[in-house]
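Each of the next two complexes has subunit A plus one other chain: subunit B in the first, subunit C in the second.
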Partner chain A sequence: MSHRLPAPSAVFTALVFVFLYLPIGIVVLNSFNADEALLGWGGFTTQWYSQAFSNSRVRDDFVTSLQVALASTAISLVIAVTAGLWMRRASTRARRALDATTYMRIVLPEVVVALALFLVLRRYEIPLGVPAIVAGHVIFNSAYATLIIQARLATMTDVLEEAAADLGASPVRTFRRVTLPLLMPAVIVAALLTLSFSFDDVVTSLFLGGPNAETLPVLLLGLIRLHVTPEVNAIAVGVTAITMVTFGLAAAVMSIRDAAGVRTGQVDPATLEAEEAK
Partner chain B sequence: MVSASRSPAVDPATDAPGRRRSWRVALLAPGLLWTLIFFVVPLVVMVVYSFGQIDIITFQTTFGWTLDNYRRLANDIYLHTILRSLEMSIGATIGCLLVGYPVAYTIARQKGRTQTLLLLGVMVPFWTSFVVRTYAWVNLLSNDGLVTRALRGLGLESDSSQLIYTPTAVTIGIVYTYLPLMVLPLYVALERIDPQLLQAASDLGAGWFGRFRRVVLPLSMPGVIAGCILVGVPATGEYVIPAILGGDKTLMYGNVVANQFLKVGDYPFGSALAVSLMLLVTGFLLITRGRLARAEEIT
Partner chain C sequence: MSDRRNGRQAVTLRALSRRFGEFEAVKGIDLDIRDGEFFSLIGPSGCGKTTTLRMIAGLEIPTSGRVLVHDRDMTTVPAHRRPVNTVFQQFALFPHLNVFENVAFGLRERRVGKHEVRTRVGQMLEQVGLAGRERARPRELSGGQQQRVALARSLVLEPEVLLLDEPLGALDLKLRRQMQAVLKTLQRDIGITFVYVTHDQEEAFSMSDRVGIMNAGRLEQLGLPREVYHRPQTLFVADFVGASNRFAATVMERLGEGRFRADLGPLGITEIGGADTLETGAAAIAIVRPEAMEADGDQQLGISGEVVDVAYLGAQVQYTLDAGEHGRVIGLAPSEDDGGASEAPRRLTWPASRMWLVPG
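The block that comes next holds the complex of A and B.
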């Protein structure tokens, strides 16, 4: 089949790729454009980057973004791993119920979910800010993380854990020495994805940050609506680079995991021996 | 996915049932508590608010179980904005389908490395920052932007008009941003089609259009529906893309809801708008889920 490629659809696909890359390409190009009005190519410069890096608001917002991303990822992972382990032994009905709440957190419009939280915080006069953003990000991030962890757990048998328990390992030790290592690839993928979702989020960060906390994408949104400057392009490229690296790493880990799929699911005798020795 | 039958095995770690149960509750607690406190309770509060009333002078909310907020929603201005917003999200979903289908088909017909590279090529733009992806179109669609100038050159756009801050700009932005979410499920469905079926159709005298309409399209229906869900649902509640490419002129549903909370401060009416949006999305999902199940049964 591969040689009977219909020419029109191949040409169309090529055009779509131009459509996909041209806009971002222009942003990257303009971030190095010395022409301040961005009307044409004014020569190569890195001055917009140095301007952006020395801008204290950009640096503060970067720190805020990082705090939010790390906190929401840590909490989401705890929720995902515990929920996943609980689901393994839950009845079908209980599992369906929890599955439904997981899906709802993803499919309901983020605008609605974030505004509902905003409403409650306003009503009880709880200040907006970083903790509020984290609370909001964990809602969807923990749902994505749960799906990833669950998918991994579904492919794992509990033979190893039973063996560890038979050999006298406590539940905590069994989890730490057997379950968690087996889950690790999924935990890493979930961590990278939630980090980038959180770092990239606008809606929840904008609504729940209030005047007290601003993340980089929220700053960018404000700057764009004000007017476009070359510095905005430099910040945009910086933000994009961060999200792209985390997403790319997640994809890389996933494909490594796929390639080594059989191996990671296999009995690791060393673990068992180690447990036996204790 | 999770449905793989797993016998309710006895937890080997402990024998005391009481201790086991407390362990299990401890595992359920973090997720359940977070979901209850930050998700379920706020949504319930929002539903209650949507039946409340706000005093315009004191900004005090009273709860009288009135339907006024929902009646106001049927008001001309809001209904018009909401319908136009839905038009944009439906248009963008169809746009994604029309653009994404040939791409997914082309990728599905490739093999090995080429296929992986093309798939990656579709996915990589999706990894870039969401705001930046939308922002990238500000340049192109603005008055002296590349796309506007090209359209003028072709005589498709008059000199005075500009594309940015129009429904067209917002629709283009949504198609651009969500295209990978359409291509992936389409690719999965198309890749599964046995080439021998096409060969058989060909032998029986079907032309390329006949093969497409009678074989490829019906077999790819699960992908089409899944793609429309993945694009249509977020597009309906979109906020960022219209905020950037629609300016103050072209608002979508999500922006109207947010404005009521953040700018006007009318929480009861905002809640009624939000609850309606939620019902709309849930209704769409329930309908398409049934369709998806049926389409998967056929293939």
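The block that comes next holds the complex of A and C.
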């Protein structure tokens, strides 16, 4: 028994750990490494973190990254909710067309979209910078958000909105009091995902940032081109931590929803009937 | 509520039609529903009854025709501005709101003051027996309780007309019977006009003042449950509201309003009642309800045959006779605990007064 070969799945898992998590682990370790040349373990230090925090370029780029992430998320959510609601009333043909544009934005290589946008902006002499990066991020982020919102809407029937109208709520009030609250879990998940996608994006930010706007991941790319300072490790760990926390929140929201059983707007009365009978 | 009981029509439908693409769901319905009555629209699924109800609610726009509520034209008024409320088939409670907020939903849309909301919702929940469950979420309630929240949510707004779309469809039989009694009492107490849609004729009969039977988008007959059952105007209505035995007949002479002399073939020539639309010489079908049959009796009309089935139904015993050219004839007789001593009948008889002619 103990001499059996390891199962393929175990081998695969081990490889994932080695190739994916080992480098990240080394980065984390080195961010606390006092040996500046990173040749060996020079003892524990947090000086690279304080150095990074006191670096005004790092701070500025962090703010830029945050601005881009928040703005592109907000715009993406508005687009996703609007598209989702419109799709419910749209004809099959219109729905297919919209679906195609959604998938296209995900499937098209990011580098191609970013390059195309860059060329268009240059052609019309529109300056690069934060607004350009936001536009670039919205292209893919709105597609992911649309998919998440649509999945939620597919489980919701019109009957709750009809009930709201029947009870005297105007279309706007119905959206605010019924549709939006029921969509909220999906909106939160979409927001957290798009925030993290935007926050760690390099390609689009690099093409559309120009000389005026630099995000944290772009700064990282620039820093390793010259020479790898221990500070890079600290910044990378910071980016990782922020991304992981948002992803973690998204996962938590989804699992809380499942635990609460609020996946659909309707409850099967038969289940409760059976419970009452007991 | 007494000011509403002045003989006005609560709901008036004029030439109301609704088409979905090629499909004509409702084909020109004219209907007057009286103020304060419990009115039921019944018919098989797909007959257009729910579409008709939704057009009264404003959830469906008529292709043509008009909808009036207390003589005010509502045809183009959106649902949220109509003085009617609906109890939906699947209750449609808001899952993100608790019982109190579900019931308060409409009051808040009307900007009713905080204090009044609390009083009215409290009274309403008391009335439907849900006091103390204010904080519960809909999913924590049983089907029967959800049903009562849906009812309270609509009634708290004191609608001019309450529309109910198969509201008991999701409940089991025992709870249905219970809720039927609750609904009937509630309607009599508050005096609001109820328009009730169901495919269950027994349910409709037990609660309604009047019923309308729909078939394929048309209103086939309108009347008291008793009239509809005993004096159906079409074969469809006769079949939909209960079982019947059929015999081919020919109208020989129209004797007056709903009275005919008919040739019933082997059963002879006799004078019986029938649908007003029948003309002299028309082919017709004479129907007899199973419970009008007397086993081995000596009534005016009768038929003999081989017993093929005796089914004990509890309160009644159902005999099925094979009557040769007439096919199968079914009779119902009160059941007795005779230890199975009585023999199955060879002959079923009935008075001519229990026979009724409909167009064939």
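Some points to look at:
Keep in mind that, in the parts below, the second predicted complex is superposed on the first by the 245 of 278 C-alpha atoms of A that agree within 3 Å, B and C clash if a C-alpha of one lies under 4 Å from a C-alpha of the other, contacts with A are read in each partner's own complex, and residues count from 1 in each chain.
The working rule: contacts are C-beta pairs under 8 Å (C-beta built on N, C-alpha and C of every residue); 3 or more make two chains touch, one makes a residue touch a chain.
Since the model is a prediction, treat every value here as computed from it, not as a measurement.
When the two complexes are overlaid on their common chain A, residue A:A151 makes contact with subunit B while staying clear of subunit C. Looking at the shared chain after the overlay, A:S170 reaches both subunit B and subunit C. In the superposed pair of complexes, A:V178 makes contact with subunit C only, with no contact to subunit B. Once the two structures are superposed, subunit B and subunit C can be ranked by residues of subunit A touched, with B on top.
In the superposition on chain A, A:I139 makes contact with subunit B only, not with subunit C. Within the superposed three-chain model, A:L160 lies in touch with subunit C and out of touch with subunit B [touch as defined at top].
By the document's definition of touching, of the two partners only subunit B reaches A:A251; subunit C does not. When the two structures are aligned on the shared chain, A:F12 is found in touch with subunit B, with no touch to subunit C.
Comparing the two interfaces of subunit A, the one with subunit B and the one with subunit C have residues 162, 165-166, 170-171, 174 in common. Chain contact summary for the complex, subunit C toward subunit A: residues 57-59, 78-81, 85-86, 88, 90-96, 105-106, 109-110, 138-139, 141-144, 146, 153-154, 157, 170-172, 175. Those residues of subunit A whose C-beta lies close enough to touch subunit C in the complex are 159-160, 162-171, 173-174, 177-178, 181-182, 261-262, 265-267, 269-270, 272-273, 275-276. Taken together, the subunit A residues at the contact with subunit B in this complex read 1-2, 4-6, 8-10, 12-13, 16-17, 19-24, 26-27, 30, 38-39, 75, 78-80, 82-83, 85-89, 91, 95, 98-99, 101, 104-105, 107-113, 115-120, 122-123, 135-136, 138-139, 142, 146, 150-151, 154, 158, 161-162, 165-166, 170-171, 174, 196, 200, 202-203, 207, 217, 220-221, 224-225, 228, 232, 236-237, 239-240, 242-244, 247-248, 251. On subunit B, the positions that touch subunit A within their shared complex are 1-2, 4, 6, 8-9, 11-14, 23-24, 26-32, 34-35, 38-43, 45-46, 49, 99, 102-103, 105-107, 109-111, 114, 118, 120-133, 135-140, 144, 146, 176, 179, 195, 208, 233-234, 236-237, 239-240, 243-244, 254, 257-258, 261-262, 267, 270-271, 274-275, 277-278, 281-282, 285.
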